[in-house]
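These notes are about the structure you will find just below.
Chain nomenclature is as follows: A, B, C and D, assigned in order of appearance, with residue numbering initiated at 1 for each chain independently.
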Amino acid sequence: MKKIISCSKAIATILDGSYLAIGGNVLHRAPMALIREIARQKKRNLKLVKTAGAHDIDVLVRAKCVASVDAGFISYETEYGLATYYRKAVESGEIKANEHACYTVISALNAAKIGVPFMPCRGIMISDLVEANDYFEKIMDPFSDEEITVIKAIKPDVAIIHVNACDEDGNAIIEGPNFEDVLMSRASKRIILSTEKIISKAQVRLNPEKIVIPSFLVESVVVSPRGCAPGSLPGKYEVEDTVIRNFLEKKDDMMFEEYLEAYRIQDQGKGGVFAW
Amino acid sequence: MKKIISCSKAIATILDGSYLAIGGNVLHRAPMALIREIARQKKRNLKLVKTAGAHDIDVLVRAKCVASVDAGFISYETEYGLATYYRKAVESGEIKANEHACYTVISALNAAKIGVPFMPCRGIMISDLVEANDYFEKIMDPFSDEEITVIKAIKPDVAIIHVNACDEDGNAIIEGPNFEDVLMSRASKRIILSTEKIISKAQVRLNPEKIVIPSFLVESVVVSPRGCAPGSLPGKYEVEDTVIRNFLEKKDDMMFEEYLEAYRIQDQGKGGVFAW
Amino acid sequence: MVTNLLKEVHPADIMVVTIANLLENEEKVFHGVSSQLPMVAILLAKATHAKDLTYLNIPGGVNPQSLQLSSYSSAGYEVYANAEAIFPLEEVFDLSMRGELDVAFLSGVQFDVHGNVNASVIGSYTNPKVRLPGGAGSAVLIPTVKRALIWRSKHDPRTFVEQVDFVTTKGNIDRIITPLAVFKYQDERLQLESISPLTSIEEVVRQTGFEINTDHITVLPLPTSEEMRIIQQIDKKGVRYKEF
Amino acid sequence: MVTNLLKEVHPADIMVVTIANLLENEEKVFHGVSSQLPMVAILLAKATHAKDLTYLNIPGGVNPQSLQLSSYSSAGYEVYANAEAIFPLEEVFDLSMRGELDVAFLSGVQFDVHGNVNASVIGSYTNPKVRLPGGAGSAVLIPTVKRALIWRSKHDPRTFVEQVDFVTTKGNIDRIITPLAVFKYQDERLQLESISPLTSIEEVVRQTGFEINTDHITVLPLPTSEEMRIIQQIDKKGVRYKEF
């Protein structure tokens, strides 16, 4: 059961129409190598879920892979402004924005994690979002007879997550913030990891507390050094400023093909299998 | 705001009738120094909550501090057999056993942790426990119109937890298994820590990932070397076999007083304040 | 079968081997507190035909290595240290709830022919004659795990009854393993599947409080010397005998 | 007031000082993404009157030390490294849900006199003219945090409206801080509390889309030179100006 496979092979297992959870937060630790491979393979009608997304969502929307996005916040941060492609696609009706509070995305994933159909949530009750969306309902608490909002479970078909290191079976280490990645690894049916590097099983046994995703949850592992670029891997590498600016400013399709092409060798490795 | 106080002072803040969460699991990392001080101070009508308890529950029941116990399992493990005092007190009607599955205790605490009145739970539905107890209810899932069991929140007034080390503000490290202690620290209104030792703030900053209970959740800190004895602190010290056997076999009240007395200096420190 | 050999065989060893053989490679397997016997069986399976089995426990050590088994606990530091990852109890429950846990070892005090398990009380629930320790994880695990394996060191008519006093839980029971026999839950009934070479069908019938069909019963094999060698290596102190 | 001095003062600096002064010692304070300005204000408060304030953020670094502020993110590694504990986003939300978070910094695109916040859409919800980034944590934090502090770098009649297009959330708003003014939410209305020394009551009235009572308005102080010294030390690169 060899789990280390090429980027192309790993992504080939994702079916059109899948519910896809994407690790990271805004410009940090998004699994961009996997994201770009999804774009290259022209997956269609994906349902994306993330608390706060940016470039990852924008790339998939630009590549026309997306049917809907469940998220609390989709935007680059201050410096780069709005997620242009996402915004236009929602406004034109091309994709559906399933607006959440970031926490209700967490609630929905937690429901899937513990195998229940919904999770109760405070606060959200005072919001037009509850009436406007069928994934929020108000029910009676049977213990107090007071009303409470419940959030419908989201069980992603696949989670794609970038980690700092893992062993050949997928026992994975995340250095720095985990964001919702660990939760996604529990809530999703399958997990595809991309990793900066492979470490030995002996290294794993040295610090079992550092393994935040155990191997028995992992389906496949893609070796992707700089796999978050042009986003950041917190503590390891920073945002590639020019790439993001170009992506946002140069809107013609040719430029997007060039963007995908520029990362192809880095993402796929030589001959499609990274020589690690 | 000095948080390090004596065992006696810390326990004096616990009111009769409080809902009390107890850290550790069976014979491991139960905060026995704090437990014994509760017995010495003759607290009454405490409502205890724990997934799986043993000597801790048995001591408090023997000292007549207890009104009810919410737990999935109360027993010593194989070697020592049943929790004699607990069992007799339930059978005589002196205390009420609120029987849970261990996981429904976790569900109830998770509900308190996220501030909602209940938590849905699978599995428990097929059990006479649901009909027999008012903290389980069946409701309709509004998304599927199927029935699901919900577990009523348990929000303890106080959690007592033993840790391996913390700084003077209560930033705490648990080495080895956390059991439900971290969850209890989030679910409870107040936290009293006992700790093997005090470490400096500089030591805390070296490994912030190791801090499983942050100081802003902690009310007070009691310095208690060997604070889990006669139970074990996993990885540090083992069960004191003879003490447990004597406790279980010698049932007269005099012997119990001797047990409490034997640990008094270790628990309270010289003159009631441990000289650290 | 050699009578001399039979005298030397402890029922616990037959149970350990029987249980180990019920575990398959790549399964995710959990045991809780007071579970020394399943613990030895899991380690035997991992040492033989199920190397890629994932071993889960209460402290959360995934596949702990070179265990020093403890007689007073199966939830201590030894199953946490030298693990390859930490996956604590709450997460194991979650895994079962969402349908991904393959095997959980559970026990109970009364079992009836319908597969009901009682770990709560003897007598009435509100006014019990005996208050039992409680089902621990059973009430959520037995209905949600793919296969619940029940073991019990006692096999008598008070344990295997026509109707339990209280249904703590029921659900995905696969087998119940005792010193005398193995029951398989099939067609909504506990059915006798095999008996220990140390007993007889008559004894099993006599010690079981519900009616059993004695057709097609197999006799369990004795542990091989190789199996005994590995068991003794795993469990030098004999913690597997503690329940007897 | 010296006119020359006024020219040198940036509205962001007045906002930073105003916000810092709204924070109290020992409060637990959280900010999210795109929140450089509150970030500087929190650090200013901690460096002055609120040393024991607990600073929480998305990556989860509690009270991170010696920050190198980043202009493109307020959720990066810098607020995780050199922390005294890790308390990640999900836990911060939990803290607020159970009523223990003192202050959360949030924003929005439209605000109305009733304290409604819109961060969702301009126009109709199902067929929006503009799709906004979304309220991030607002819809659960604003109703549950003890005090929500809203800041916004734009103050114009499109931002402060009679009625928002969509109620993303409302609730425990304490104050809204803009380059021109501070609104306090009191008696179920946004009430003008103070104005910036760089503006006039007339300008605030003109730039606000709902009616405001202009009695009892105070003028915010200019940052002191000591405050400016500390701010410049905290934010060497001037990330607090990025929203302007």
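We take it that a contact is a pair of C-beta atoms (placed from the backbone, for glycine too) under 8 Å apart; a residue touches a chain by one contact, two chains touch by 3 or more.
Just so we're clear, the structure is a prediction, and the values are computed from it rather than from any experiment.
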Could you give the fewest steps needed to travel from chain C to chain D through chains in contact? 2
For chain A and chain B, what's the span in angstrom between their mean Cα positions? 38
Roughly how many whole angstrom separate the Cα centroids of chain B and chain D? 40
With chain centres taken as the means of their Cα atoms, state the distance from chain A to chain D in Å. 28
Where chain B touches two or more other chains simultaneously, the residues are 114-116, 121-122
Which chain C residues reach two or more other chains? 61, 86, 93, 97, 144
What's the contact topology between the chains, one of line, ring, star, complete, other? other
Quick one: which chain pairs are touching? A-B, A-C, A-D, B-C, B-D
In the complex with chain A, residue positions of chain C that touch it: 26, 28, 52, 54, 61-62, 65, 82-87, 91, 93-94, 97-99, 144
What residues on chain A touch chain B, complex-wise? 111, 114-122, 137, 139-144, 146, 148, 150, 152
So in the complex, the part of chain B that touches chain C is made up of which residues? 25-28, 51-52, 71-80, 82-83, 86-87, 90-91, 93, 97, 99-104, 106, 121-129, 132, 176-180, 183, 232, 234-235, 239, 241
Write out the stretch or stretches of chain C touching chain B in their complex. 32-34, 36, 58-61, 71-77, 80-81, 86, 88-90, 93, 96-97, 120, 125-131, 133-144, 166-171, 239, 242-243
Footprint of chain C on chain A - complex, ascending: 1, 112-116, 171, 186, 201, 204-205, 208-209, 211, 214-216
